[in-house]
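Next come the structures, one after another.
Each of the two complexes below includes chain A, the first together with chain B, the second together with chain C.
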Partner chain A sequence: MAGDTGSLVVDAFQAELGASEPWPDDVVLYQQYQAEQITFPDYANCLSVKTFLYMCGLDFRVEVRTNAEEMSPSGKVPFIHVGAFLVSELDPIIAFVNSRGFQLTAKLADAERSEMRAYMAMIENILVNAELYLITKPRYGCPYPWPLSSILPLRKQSEIQARLASNSWKDKTLSEVCEEVRTCCQALSERLDQQKYFFGDKPTELDALVFGHLFTLLTTSLPEGHFAEIIQQFSNLTAFCKRIDEQYFKQN
Partner chain B sequence: MAGGDDTMELHVWKGDWGLPSVDPNCLAVLAYCKFSGVPLDVKVTGNPWRSPTGELPNLRHNEVSETKVHNIFSYLRKQNWGSDFELSTKQCADVVAFSSMLEEKLLPALLHLWWIDGRTYVDFTRPWYTRMIPFPLNFFVPGRKQKAASLRVFLTKGGENITDSDVETKIYKEAKECLNLLSYKLGDQDFMFGRQPSSLDALVFGYLAPILKAPLPSNQLQTHLRQCDNLCNMCNKILQQFFPPNRAELEEKRRREEAARRAGVPMDDTEFPNKRRNMILAAVFAVTAMVGYAFMSGLINFQMLDYAPSGPQQSADKNNSSESGSKPNPPDFSASGFDPMFEEQNTESGE
Partner chain C sequence: MGTVHAKAPEVTPTEDDIRFERIPARVERVIVEGVGRTKDDIIIKEVRPILESSTFQEMVQNSHEVKRRMERLGLFKQIGIFIDTCKDSGGQTGYEVTFEVREFRPVSGGINTLIGNNDASLTRGYSCNFSKPVNANPDILLSGGIYQFHGSYPWSGYKETDRGVELDLTFPSFLGSHSLRWDGVWRDLRALSRTTSFAVREQAGHSLKSSLKHVFVRDRRDDTILPSRGSLIRLTQEYAGIGGNVEFSKQELEVQFNKSLFWDTVVQLSLAGGVMRPLHSKDEVRINDRFFLGGPLTLRGFNMKGVGPHSDGNALGAEAYWLCAAHIYTPLPFRPGKGGFGDLFRTHFFINGGNLGNVNFNNLHGSLRDVGSEFRWACGGGVVLRLGRVARMELNYVVPMAVQQGDGVNPGLQFGIGLSFL
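Coming up: the complex of A and B.
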């Protein structure tokens, strides 16, 4: 059962078999080198997962590896190593953690939960693609020796371009992409309004995901695409990011 | 081309199974236009090249041509045609979120169902599109659509270490979850945001109606959707209320069914209207090709024999009658190369 990590990628259901076990002490989250290597959306995803785990009050340790992508069962970072399980990406991790009895959304009504999933899908659909649109090529190859340092970024770049071409994001101009980001932020800002979190006083997965992406966009300086400026137009979103940063990251 | 200043021209894919169109995007645009009462001149077509980008739906209005659903909606909104003006800003935000969710979670499964699932594609999708698209295009448009669909699904949902079957399980699971979420959101209201339909309802209708109505050989999404009663009701209500089948179509359908029942032939025959004609054309083509080949390779050859009016005519006659024996007096036209078979016999017997 534990060896069958391949299907855990798509289905956290199996993990429920081990649900009665308590959260172990030696949980490890693997990611790539934060400053040098990791690509933009991956970094945002790692940050989201970390935020989510902090919100659940779970302990973990971060391991930094150059080959984290190759180690991950789905080929994507971040992934966590819990006892016998390897779980990668945010959605499966959330399902896995929920199956261990840690739920952030237990109090939400069905309609609210469906709204939450919708907003999470919006982040994936708009912000992730917009982040991919600005490919940070030279960074990716940094930790590797010479021939690899130029081959791997090219490979990654063509992979990302194929992906963007397949969902027709490649045809968009930079200003259209900025417009999409603005629409997305507008929607988030309306939804958040003056609340502490997106659904009242308690944090949810959505808060973790939004924080991960917006904080990354706000704190990284990009050569083009003024995403940070767009986000700064929405004061409640920037305040929200600051609050979560202080609450979960400054104290840890 | 465009009717008047106010009438917009909309090109959409043809419909079937009681739907005004089979394509989710075309359905969404049609529904949105009906909700907001846009004066519309709908042109159903099977030819995607009618549209400048090669994609349908295509909206034309006073020199403006838009193809993407999102762009069409925003164009219509700019022209003051819309169904979302009564929504609060929060509800507008929900529209953005839920339409992203449809695109992110439901669309991959829909594409997989129609284009990638081997059996459905070969038995259903490809024949349907081949029938609808006019002649030279029908050879490559379905294949190209399939390729685009498979790139869309596997590049965005797959990864290096994930097998295709894992991707399949993943996207269907996500799609079913998405249907559940939509069902929760709808609750027991008429439409997503109360009594008035919005652009979100148009999009949802576009995605769900084909799942519900298309007679695919295997359709796990349909089975799941049937369990979400409120979503099914909403789709049927939109179909009845905004797309009432017009009389001519009903008449046509009834007449066809009647004819099929009287003739005792299965429905298959009515789906291929020109079957008999095509068979005859194919046979004529095959025969022509075979005869042509026979001539080219010399299996049959013509000999033009020139006959002088008197002398040689008789000698030929004599020749013929002496060798074949049976025909004492062959008719004149045989000599002029009229009948190749006869001529062939002649030359062979001459040797």
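Coming up: the complex of A and C.
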């Protein structure tokens, strides 16, 4: 607990310091090798963070490292290196970027902002767990020599299993998981309706998060992945993914 | 002092005054009790000299010699000798010798916590080892083990967990003692805190080192901590890259020379140096394999690992170093506690210098000149205390004479405790 409090203080301190400085030119985002190494929930997280930064109009460079996960201060990818600061994972990065004066949600009413938070929490709870559920044997160990190439994936897998067990996703059947995903997509599809973004015609961090996860699930071929089929049933969501991909990634 | 008036009693040959070397003895049998796993042929080979004794004295001496040899073999943790007359034998001269032995467990292990070399570094871990003489020769020893330990290295801002397997063969040659060791170790390196320099953080992650190391030692000193004469040569060669993803070769040399002068004064000259290079020129040697320099027992006058490349206060280490030192040791002034506690102390005056830097093998001459020219040196004096037979403690007053920009300098009083020193 002492460590947590310490890091909270550091975070607060960093946020305070950060407010006075502009966005430097040499911001770097660190992640693992996309094709070979990264597990796809991590890939989705990286994609969400990149989308969020593009939406804010902030420049950054992507650096791929085998040891990105171990380098990260929280042990999770992605993390960004801004001046003297290291910030990892989407929520702290959003808070950090906001503290520098770049906000996507400035025009939203308080009620809308809490609605957005609720949707983001839903994605964290359902889509992320569903992605973890599908990981059977990650290719996570391939940059390492034997025997680490087999030990490290096993270790990662037991971590994931422990996390799934802690929120009672471990015992779900595949069809139950698919049902959860369908419910989640249904809710998102209804919220999006025919709008350009979830909250009108300006993007928010919810758009970045949804795009990161849905696009990853749509484009990754999984051994028993029915998730892509489920998402494709919601035409406004696929159109949304396509639109954001073209707008922020094709041009960059 | 009073005077004692007494007369020595007349020495008369009595029955108490037995000439043991004249008493004939014949060892009828040797019994070794408590043997479980130890092979018979080894024991038979060891005890055979006892059977060849012809006098009582010879028998006792041989028994002791056999006990000593068996202790050196490391087979038994306890050996007791009993000598008795042999009941079965007809004559007066028949004896039987009984060894009561307790064998070692086949595998030994340990859990340890160690606060190392005078710094905040902390290692804790556990290990499990076995060792065995080869061909029943106690000088050739094969040992192996598995271990795990956690260490933190605050001067560099990282911590590390090591899990490994090692195999070691120690053998003598006419030059000195050799040790050939294979080490396969999985190292998990992490940044120690959020303030760790990014240059160190970039090194975080898993690495697998499989290395073959040869250590040659020729130690002709009369003591390891406070020698008064003799010399030491230690040559270490390490080749990493037999499997694993850590690839480098490393050479290290340490030489020490001691000479006694008048009034128990000892002059000691030491020199150490090392160089390493990655096997592929585009690679870089990792921080946990590099050399570091500085500290109260090596390069006095500088902070622990305070010399050489640093980033945000974290020592990064380098691929080459050299270090030399000259000491003059004398007993404490006025020699308090002479012959007892006072002999654990020495006063010394020293001058030490060295450098740490990276070597560019494409421009060998230039980088060697840099490592040789921009060196640091310091001089001073203080008190040395010997701790047991393995460690020593020093309290010195040091004046750094040449420092480079970025060095962690410690002028004035400096306190050090540790196992390795120069």
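Methods note: the second predicted complex is superposed on the first by the 236 of 252 C-alpha atoms of A that agree within 3 Å, B and C clash if a C-alpha of one lies under 4 Å from a C-alpha of the other, contacts with A are read in each partner's own complex, and residues count from 1 in each chain.
FYI, a contact is a pair of C-beta atoms (placed from the backbone, for glycine too) under 8 Å apart; a residue touches a chain by one contact, two chains touch by 3 or more.
Bear in mind that the values here come from a model prediction, so they are computed numbers and not experimental data.
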Q: Look at where chain B and chain C land on chain A after superposing the complexes, then choose clash or fit.
A: fit
(Q) Rounding to a multiple of 10°, what is the angle at chain A's Cα centre between the Cα centres of chain B and chain C in the superposition? (A) 80
Q.
Quick check for you: in the superposed arrangement, does A:148 touch first (chain B), second (chain C), both or neither?
A. second
Q: For A:101, decide between first (touching chain B), second (touching chain C), both and neither.
A: neither
(Q) I want to verify the contact counts: of chain B and chain C, which reaches more residues of chain A? (A) B
Q.
After the superposition on A, what does A:81 contact: first (chain B), second (chain C), both or neither?
A. second
Q) Which of the two partners, first being chain B and second being chain C, lies in contact with A:111: first, second, both, or neither? A) first
Q: Go through the superposed model and pick first if A:200 touches only chain B, second if only chain C, both, or neither.
A: neither
Q: Return first, second, both or neither, reflecting whether A:24 touches chain B, chain C, both chains, or no partner chain.
A: neither
Q) Does chain B (first) or chain C (second) touch A:66, or do both, or does neither? A) second
Q | CA minimum distance (chain B, chain C), superposed complexes, angstrom | A | 9
Q. Which chain A residues contact chain B in one complex and chain C in the other?
A. 7, 10, 73
Q: Could you pull out which chain A residues touch chain C in their complex?
A: 7, 10, 65-67, 70-71, 73, 81, 86, 144-148, 151-152
Q | For the chain A and chain B complex, residues of the former touching the latter | A | 6-7, 9-11, 72-76, 110-111, 113-115, 117-119, 121-122, 124-126, 162-163, 165-167, 183-184, 186-188, 190-191, 193
Q.
Applying the document's contact rule, which stretches of chain C touch chain A when the two form their complex?
A. 186, 188-191, 194, 198, 201-202, 204-206, 208, 243-245
Q: Would you tell me which residues of chain B are touching chain A in their complex?
A: 89-90, 92-94, 96-98, 100-101, 103-105, 148, 151-152, 155-156, 159-163, 166-167, 169-170, 173, 177-178, 180-182, 184-185, 187
